[in-house]
Amino acid sequence: MNEPIVEPISYEDASAAVKAVYDDILETRGIKFVPNFWRTIAHDPKLLARTWSSLKEIMHPGALDTLTKEMVAVAVSVTNGCEYCIRSHTASARKLGMTDDMLGELMSVVGMFNETNRLANGYQVEPDSVFFRKRSD
Amino acid sequence: MNEPIVEPISYEDASAAVKAVYDDILETRGIKFVPNFWRTIAHDPKLLARTWSSLKEIMHPGALDTLTKEMVAVAVSVTNGCEYCIRSHTASARKLGMTDDMLGELMSVVGMFNETNRLANGYQVEPDSVFFRKRSD
Amino acid sequence: MNEPIVEPISYEDASAAVKAVYDDILETRGIKFVPNFWRTIAHDPKLLARTWSSLKEIMHPGALDTLTKEMVAVAVSVTNGCEYCIRSHTASARKLGMTDDMLGELMSVVGMFNETNRLANGYQVEPDSVFFRKRSD
Amino acid sequence: MNEPIVEPISYEDASAAVKAVYDDILETRGIKFVPNFWRTIAHDPKLLARTWSSLKEIMHPGALDTLTKEMVAVAVSVTNGCEYCIRSHTASARKLGMTDDMLGELMSVVGMFNETNRLANGYQVEPDSVFFRKRSD
Amino acid sequence: MNEPIVEPISYEDASAAVKAVYDDILETRGIKFVPNFWRTIAHDPKLLARTWSSLKEIMHPGALDTLTKEMVAVAVSVTNGCEYCIRSHTASARKLGMTDDMLGELMSVVGMFNETNRLANGYQVEPDSVFFRKRSD
Amino acid sequence: MNEPIVEPISYEDASAAVKAVYDDILETRGIKFVPNFWRTIAHDPKLLARTWSSLKEIMHPGALDTLTKEMVAVAVSVTNGCEYCIRSHTASARKLGMTDDMLGELMSVVGMFNETNRLANGYQVEPDSVFFRKRSD
């Protein structure tokens, strides 16, 4: 087991303000433990409160459903190579209904466009004028 | 207008093998021009054929629909900062039905998880044991 | 414990040239052990000598003080997700006076601008003309 | 001049909610125009409100002063290669007192640790036990 | 030992289609085990077949020899910080003749240009007109 | 034409120390102009001297020849998406003998391993024990 830079703060040791965020996480997510991510950034209570509140607003179903959002989160985390994030977002997406087949296709898409991103960059391909709203060259 | 590393190959100047891929792109995509990306990597006909064939297989609707896949492609391209890719995948996603509201939420999700990826990395947060299939510590 | 690609070279086994760099590291840093980073790149004595000499010149207090420089090093390492670098620069910054509150704010800043970087990229935001010295459109 | 993915929203065309954020940006920053970044993400009023409110909280002088925070923002943006962000944060840091010498040293530090990050990764250097709080191997 | 997101598929449990790819990997590479990478992506048989077939085509000696290609693979993996990839491509390059001196120089080059990439980005250096085929300013 | 963060320093306006580096660049490279990269970082004469001296040492033919090193530089720059670096290293590699076929294969390799890097990360593939020198599980 690896060691984080600062010790995660347990529910028992948390201040009232931090405990309030923990409670909201447990209730909103319907989980029985506060994940290490939140217990770690709790060292900066403002960072905890701001991040949780932003995340709740962003992950609320809107024009995109929550599962799509979690799979986009997996795509970002895989592209950045963040282990914690890959594991936690994959677990969340699975809970929301992502099957192994969906995961396989998601990985295929993420892999593929990391490849084509480099081909486009490497050859310095000029965006086609049709991709612009105003341009007509 | 910027200049690519190698000159895109026009339909007229293309070899028969390259022309066959161009034709398939035009037909499969239902578009009237071969985008610069394909005309540029056509300098290496194997790269063109392989990339187009992989992309067709990957973007085929399967466990995930094509719009979801295009939005994942946007997410990857935004995370990597590839202009061509952002412009082309955003255009494709719009053609498939992505509204401005969906784009706004997609950007929110991509932005947010690029932030939390760094918080998880920065604090070296340990993945919770519940994210593992076997582990029980 | 993980295993590096090449075995770190101990002080005892080091050549005279490598030992001279080790000695300078121990004295300049005021530490009692040669960190694994230096013992590993010592396999290429030129790489060791050049990297240490560049690092010493760069980390010398100048227009920026050393603590600020170490915190910038943390920011770079967190953005890149390099564990060794995050751990070593965080430790160095702490030795130079970085408190937990400073670390918390540093993480907040790094996280935030990794988010806004993607929003700026994702929307392909045009730099305002006021950010250019000559332009006036 | 390049073209963003969505048209920036001018002050005149903005809704009351968006105008309120614009006003706060103008007043807090002491500037006479709303930068393109804010006018672009204004297409998603929640994203605008949330991002501006987070940024204000983060950039408030606390354990770190605002200039240090802006230089960290430059470091992140340079590491990610985001042009808009490099230009805007460099301009902000200069307004807050960053001299050319400070910029030169900042760039040196950012460049250097992007190099050492790769050496540490490339050799898979094991973090020294002294960088851990608990470990003693 | 860490745990992958999905269980690697053993040779015994593989379907006929997957087994055929495994056999080709064993024969082409002249190895006695199927590496975890292939056994993991085998969960999506199309991903396995497509990736292996692309990789075989790409790594075939052509205008560049296989060792050069493996060292480029190391360079990409080091820049992205992918541990599995660094370890496997370094091992492959060694098998093909990469000595410790070659590895040392490879690391130096990768480190150096990760540094200069940031200096070029950070200062937003304008490409010299001589680097363009058509431009003459 | 875009504008760099600081004005490049012309040969005429350069200090004696900077001019000495410029002269060495012109002579070593056998070119007739000082590229913008060097004229820009010349604002920090130590950064200029250190970077040029490191680069000269690294690019000297050793265990790897200079063309291989330049192609590795292209691979790093493509992976990072640095336009200046892609253009300048591609130009240098071409001068040293890189043909269009070699460029095509180089791009294929860089693209491919940016893809497999994400598959390895995304599935959190465990490095095979054979990739370690000591491990035998």
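By written order: A, B, C, D, E and F. Residues from 1 in each chain.
Going forward, contacts are C-beta pairs under 8 Å (C-beta built on N, C-alpha and C of every residue); 3 or more make two chains touch, one makes a residue touch a chain.
Only a predicted model underlies this, so the values are computations on that prediction, with no experimental measurement involved.
Interface equivalence for A-C, evaluated over D-E, B-D or E-F, points to B-D, where over half of the contact pairs coincide by residue number. By count of C-beta pairs in contact, E-F exceeds the other of the chain pairs B-F and E-F. Centroid to centroid, with C-alpha atoms defining each point, chain B and chain E lie 20 Å apart.
Between chain A and chain F, the centres computed from C-alpha atoms are 33 Å apart. Contact with two or more other chains is made by residues 3, 5-6, 41, 46-47, 51, 54, 79-83, 86-87, 90, 101, 104-105, 107-108, 110-112, 114-117, 119, 121-124, 132 of chain F.
Across the complex, chain D meets chain B through its residues 5-6, 41, 43-44, 46-47, 51, 80-82. Partner chain F is touched in their complex by these residues of chain C: 3, 7, 46, 50, 54, 57, 132-135.
Those residues of chain A that touch chain B in the complex are listed here as 1-6, 8, 33, 35-37, 40-41, 47, 51, 54-55, 58-59, 62-64, 68-69, 71-73, 75-77, 79-80, 82-85, 87-91, 99, 101-102, 104-106, 108-110, 112-117, 119-128, 130-132, 137.
Remark: chain B residues 81, 86-87, 90, 100-101, 103-105, 107-108, 111 touch chain D in the complex. Of all residues in chain E, those touching chain D in their complex are 74, 78-79, 81, 83, 86-87, 107, 110-112, 114-119, 121-124.
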